[in-house]
Each structure stands twice: as C-alpha cells, then as structure tokens.
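What follows is subunit A paired twice: with subunit B in the first complex and subunit C in the second.
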Partner chain A sequence: MELQEFITNFASQFEETDPSVFTKDTIFKNLDEWSSLQALSIIAMVDEEYGVALKGDDIRSANTIGDLFDIIKNKK
Partner chain B sequence: MAFLLIRNVKIAGISACVPKREEFCSDFPLFLKEESLNFSKTTGVISRRIASPGICSSDLCYHAADKLLFDLQWNREEIDCLVFVTQTPDYHLPATSPLLQKRLGLSENCLALDISLGCSGFVYGLGVITSLLSHGNIKKGLLLSGDTISKTCSKNDKTSYPLFGDAGSATALEFQGGGDFLFNLKTDGSGSNVIKIENGGFRNPTNYDSFKEIKIDEGISRNKQQLILEGMDVFTFGISKAPASIKELSEHFELNLESVDYFIFHQANKFMNEKIRKKLNLPVEKVPYSIERFGNTSCATIPLTMVTEMRDKLENNRLSHIACGFGVGLSWGSVYFETDKIVVSDLVEI
Partner chain C sequence: MKIIIYKTNEIPDKLWEQIVRGFNASFEGHYATKEQLRIGATSNSLGYSYHAVCIENDLVIGYNTIIPNYYVRNGKEKIILGLSGSTFVLKEYRKDIFIFHDMYMELKKYCAKENIIAFLGVPNLNSYQYSIKFLHCIEVFCLNYYILPVKISNILKARKFSFLNILSELFSLFLIAGNRLLTHIYNPTENKANYRIEINDTFLEKRFKDKRYKSISKGNIKFTYVISNENGIKCAYIMYFGENGIKTLKSLTLAVSHIFRLEKIDIIMFVGTLRINQSILIKVPTKFQPQKLPFTYNLLDFNDSEKYSDMNNENNWNFSLLNLDVR
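Now for the complex of A and B:
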C-alpha cells in the first residue's frame, strides 16, 4: 500500500476540489467539498481498493490524509 | 447457522399504504440549495410520505391489509396467523398485533405476535410466518410490516429526518404445496449503538433530561428520545454484510444468482445500495428502487418497492426473487422465494 497512490485515490473521490490540493498533510475536513456524504465515498473507496472496513470513529479521529493512510495500514 | 429451508408456503398477494402528505428534501429548512441537491443525488431520496400525528404504523398496515383481503376475497375467519413487524408500535403494551387482529375482524383462533425489528424486519417476519404456516395447521396468514419512523427523527437532524419516510404493508401467505423459502438470517449486537433511540425504554426511562435538545454538530441536533443514525458505520456495515449475506445464501442452497429475476433490497440509501449491487455484479434492471419517492421506510421498504415498482410483473409472471434487509440491531438477512401471478393491490393513501 503506497501513500502516493492512496492520495490519488482519495483525491479522485472529489469532483470540484483540484487534485493538486491533496497531499499527505491536507486536513481533509477543512475542504469546502467535505461533507458526511463525501465520507461515504471515502469509506467505499477504501473498502474497494484496500479491503478495509473503516468505522465512523476512524474518519473522526483522522485529521490529515496521512493519518487516515496510517489507520488503514494498521487495519490491513 | 440460521439457514432455513421452508416448504409449502406461497405468497398470495401484497399491498402497501402510505400517508398522503408528501415532503420534499428540497424543502428541508436545514439544507442550503446545493446541499439538498447533493443529498438527493447521493441518497436517492427526493421526497417522502410523512404521517401526521394521528397516523400510526398500525393504521398504515390496517389499510394495506384491509384492501388486500378485499382484493383477494379471503374469508377473514380463515386467517389464523398475524405477524406484525414494527419498531413504532401503538403502545408499550399490549403488543399491537392483537389490536390489528380485532380491527381486521379476524377470529379468536388467530395467533398474533409482534416482532421488533426495523430494516431487516420484513425478511425476518417472512422467516417467522412461513415457519408457522409450513406446519400445515394454519392455512392462511398475514404479515404486516410497517413503521412511522419519521416520528422518531429530530427535525433538526439533517442526517436522519430527510432520509426517512413512513409506510405500512401487508403480505398474504398460505399453506400450499410447492413453494419454497430459503433464508439466511444474521445478527451482530455489538453494533447496537449505531442506530438507536437511547431513552424511553426501561434501560433509560424517559426523564426530564430526555427532552433536552443537544447539538451534536452543525445541522445535527436531537434529544435522547430521538433516533441516532451513525451513517458512516451503517454504510460500512451495509456494503460488507448485505452482499456477503446473498453470496452465503446462494452458496449454501446452490442458487445461481444469474437466474434470479429480481433483487429487492431494503431501501437504505441509493449510494449504499448501488455499491451492494455492483459488488454482486447485478444488472440495473434486476434491482428496483422506490427510495426516490418514499425514502427509507424501515421494515416496509421491500414490500413497498414490490407494490410500487414491480406490480405488473408480479401480477402477470412467475418470478424468482432475492430480498435482503439490513440495519438496526444490527440485524440482517436474505431470502430467496418465488411468486406466481400474485395479487398486488393499488397503493393505498390515507
């Protein structure tokens, strides 16, 4: 599981936010496009691409994309 | 493992009833314009039917059943079994099924019981009533499945109120040679907190504190007698357990999914249901939706979808179906069954 690939997969769930905005330090909840519905897309992507079942608490406890990457890596 | 094979029971007819009052998500005051479009695009819900304070789940089910019995021309004296699935009963006690037995004019010889399950309730209810009928002593039974779940939602909670609608349903079943029902029923109580009403039962009785509205987040305020829906957790649960449940059912009973005509899912949220559909590689035309016009109506979604989206096909053809319900409990299940030109009543509106 590669961080760069994860960031690309994460970014591709967003329609309006420019992909260049996303880095491992991006605080994703501060993005204008972030919403609880957007979170469902992320959960679905992680389920499909990494076979990991994210819980609401996982999303809540992560601040940056890098944090979420670490959570998923630990669950694999 | 709760795999059940139940023989010699058939569905004779099905009906549903909804309140006349329609509420559109675009009119929900907590949504900004773009937010409501986004909500409808993701969840699929455009409008729901909302019960006024005087309409209970039992009223919706009564009218659905009354119409269906008339259309079937069944003698009410012959119905010896009534199963009522709801999480919004008339009273704490008595159970609501005896009230429905009386109101529908069924005889004293009728077995009546309530089942307290939500999203999985129709599938579980079918499991219970087909088991009772398969003995052969009881020839005819009614499964009533309905909720007025909108009444449990806070109008200040954008994560629940715009998603849910109210509906009741009636399914008439009879002991008759040839019909098989195949079930896979499952439970995980470790997820009991993700869809919950905390106060008002006997663990946490209603108290002064129960009425206090608490702000959870922007656009999410509710009191402790109102529904908590942890959407992200429910989503993770649904996209993993529902497809697995159907796969297990098909493997255990050696069913070929490609030869099944329809897959009728609990109408949870279109985004979630589409993930489930895609995981199972099911073609769009085999997976009907009623969520656009009715929202998530808890234990009524599957029969409501059959009545509103599949009527002509059910009335004119022999069909095979897999239905799958998943949610509050956590509880989930899938069932394979066949229908052969059943009676489908007009949608009743009260």
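Now for the complex of A and C:
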C-alpha cells in the first residue's frame, strides 16, 4: 500500500476539487467539497481498494490524508 | 457546540421557534408549524418524545427526535422502542458530518436510562448509508407497497387513454364486491409478529389526533386513512385497519370499500408488512416501488444483542404507516 497511490484514490472521490490540492498534509475536513457523502464514498473506496472497513470514528480521529493512510495501514 | 436532550414538554418556547425555522429551512416543500411538530412528537404511547438539540452560539444548528412507543414482544412482554425522525442539520454546518451522529448517540445514552430497548428507523435515500456506516443501524428488510389502482389512466398520466379508468374502476369494484362477499364466510386474521406496536383505543386516538387523518369506526372494526396528492395523483394511504386491534380481511375490505365509495381518488395504498391472506390489494414489485423504504434497528445496549437477536428476522416485525408516517 503506497501513500501516493492512496492520495490519488482519495482525490478521485472528489469531483470539484483540483487534484493538486491533495497531499499527505491536506486537512480533508476543511475542503469545500467535504460532506457526509464524501466520507461515505471514501469508506467505500477504502473497502474496495484495500479491503479495510473504516468506521465513522476512524474518519473522526484523522485530520489529514496522511493520518487516514496510517489508520488504514494499521488495520491491514 | 453543545447537545441538550429534552422531552417534548421541556423544550422552551424560544427554542421551538428556532427548531421550526431550522426544520423548514432544511425540508423545502415540507413546511411545518410549531403545532404540527408538537403534535407529531406527542401522538404516541407516552405522550411525548425525546429531542436532541445541537446549539452553537445560542443558535439551534441541529435537531433529532426519537418517538417512543410501547411494543408487544412475543405476545406478552411490553417494551419501549423509539423511532428516529424529524432530523435536520443547518446547511452551513453540514461540513461537520458528526453533528447528527453525536445527537443520535446522546439520545441513545439518555433513552437507555429511560428503558428504551432500541431505536427503529426508515432512513431516506440521503441518510441510508450514513445510518448504516456511521450510526451502525442494522437493516432488516424493506417495507412493501400494496395498491389498488382505481384510475389507472390518471396514475400513468395517460389522459388520452381515459377509457382505462373505467376498466380499472370496474376491476376495483369487482375486487371489492368479491372480497365483501368472501368475508361473510372467510375472514382470515394476520399472523401475529413477535414485535408489534401495542394497539388500544387510547393509542389510536393519540396517534391519529392530527386533523388530516380520517378515522372510521364500524362496530369492532376501525380504520384510518389519509388523502394525499402525490405529483398530481390523488392517493389514499391506509394508515391502520383492524378488528379488535387485529388486522383482518374484513377490516381491510371495509376500509378499501369505504375509501372507494366516498373519496375521489386515483389509487389506494398500504405501506408496510401485510401478513394476511388477501386479494384486494396488489403487492408492488420492488423495481416499480416509488422509493426504497429500508427498516432498520439499533439496540441501545450492545449487551442485549443476543436477547434481541430475533429483531434481525423480517418475519418477526409488524411495521407500517401506523408506526411511522414515512410518506
């Protein structure tokens, strides 16, 4: 599981946000497009791509994309 | 940001005004008054509901209600189950996706102390995934639709073929007359489900005190319906029917016959579980249902999982518009 690949997959869930905005340190909850629907699509993407079942609490405890990457890595 | 739990009669008037404003801003096309919200929250077995109000800087930014009702379990045990509804989070605060989650969890904590066993819900398309993934609600089944298409041309909006209305009205008349004759010799009753709302006259009076409901009583038979205009289609929803509190073919036939004779409607509809041998209403195949109505439950105490594992079985539930008006 590569960080860059995860960032690309994460960014692909957003339709209106410029992909260049997404980095390891992006605070995704501050993005204009962020909503519960985005959160749900991230959960679905992580389940499909990495076989990890993210919970609401995992999203809550992560601030940056890097934080979320670490959570998923630890769950694998 | 703080979340306060109130019972309906504890909500201060000033807060009600904000709740009504927030509700109407969030549900465009579903305008509600303070009185309507209050009636909705008090038309149940206990006469009040539980409300989570999320406040930031003296502004109500979120609201969620749990409507409690007595249910009969396995024919003898009386338990309280709560229905989640009337939820909103102001648009400008929806970025914080956990506001609804936090209100729901606070209600779970509070209601567990009030001896409520589980929260039930019929989430709409927008909140379904959220309910499953974030609130950990468990989907049991989807509510079914049963219809009698009285004026089929109006339903299909095919005015050119208005002659079809005559045919479908004749067909309806034939079904009603046939079933009325049949009930003189055959009056099947519903298979009693393990979980059903406790029905008595007091409950029915409270439940249907809103003036839009039409409640009819004929001897031991009672039924309630509501007329609604759904995108130009005049629809009669049967909210409840029963003979001494039990669904029977006779009470269903009488309800359908009454509506057919006295109301100018295009379609008669029943939404929910209908475990009774009947041939007066037609079950709508899933792909033709106007919207998916998933029924979910959420136990307030995880330690109860084994005891209430029978909640996972669709056949154990009796649930319809009587329980929750999801129209």
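Here is the rule we go by: the second predicted complex is superposed on the first by the 76 of 76 C-alpha atoms of A that agree within 3 Å, B and C clash if a C-alpha of one lies under 4 Å from a C-alpha of the other, contacts with A are read in each partner's own complex, and residues count from 1 in each chain.
Here is the rule we use: contacts are C-beta pairs under 8 Å (C-beta built on N, C-alpha and C of every residue); 3 or more make two chains touch, one makes a residue touch a chain.
Nothing here was measured: the structure is a model prediction, and the numbers come from that model.
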Worksheet item: Can A:Ile27 be said to touch subunit B (first), subunit C (second), both, or neither?
Response: neither
Discussion item. On the A-aligned overlay, A:Leu40 touches which partner chain: subunit B = first, subunit C = second, or both, or neither?
Written reply: both
Discussion item. Looking at A:Met1, would you say it contacts subunit B, subunit C, both, or neither? Reply first, second, both or neither.
Written reply: neither
Worksheet item: Which parts of subunit A are in contact with subunit B and also with subunit C?
Response: 35-36, 39-40, 43, 55-56, 59
Item to complete: State the interface residues of subunit A toward subunit C in the complex, per the touch definition above.
Response: 29, 34-36, 39-40, 43, 55-56, 59-60
Worksheet item: So in the complex, which bits of subunit B are touching subunit A?
Response: 35, 38-39, 42-43, 159, 194, 230-233, 235-236, 239-240, 271-272, 275
Worksheet entry | Sites on subunit C touched by subunit A in the complex | 94-98, 100-101, 129-130, 133-135
Practice prompt. Using the touch definition up top, name the residues of subunit A that touch subunit B in the complex.
Written response: 35-37, 39-41, 43-44, 47, 53-56, 59
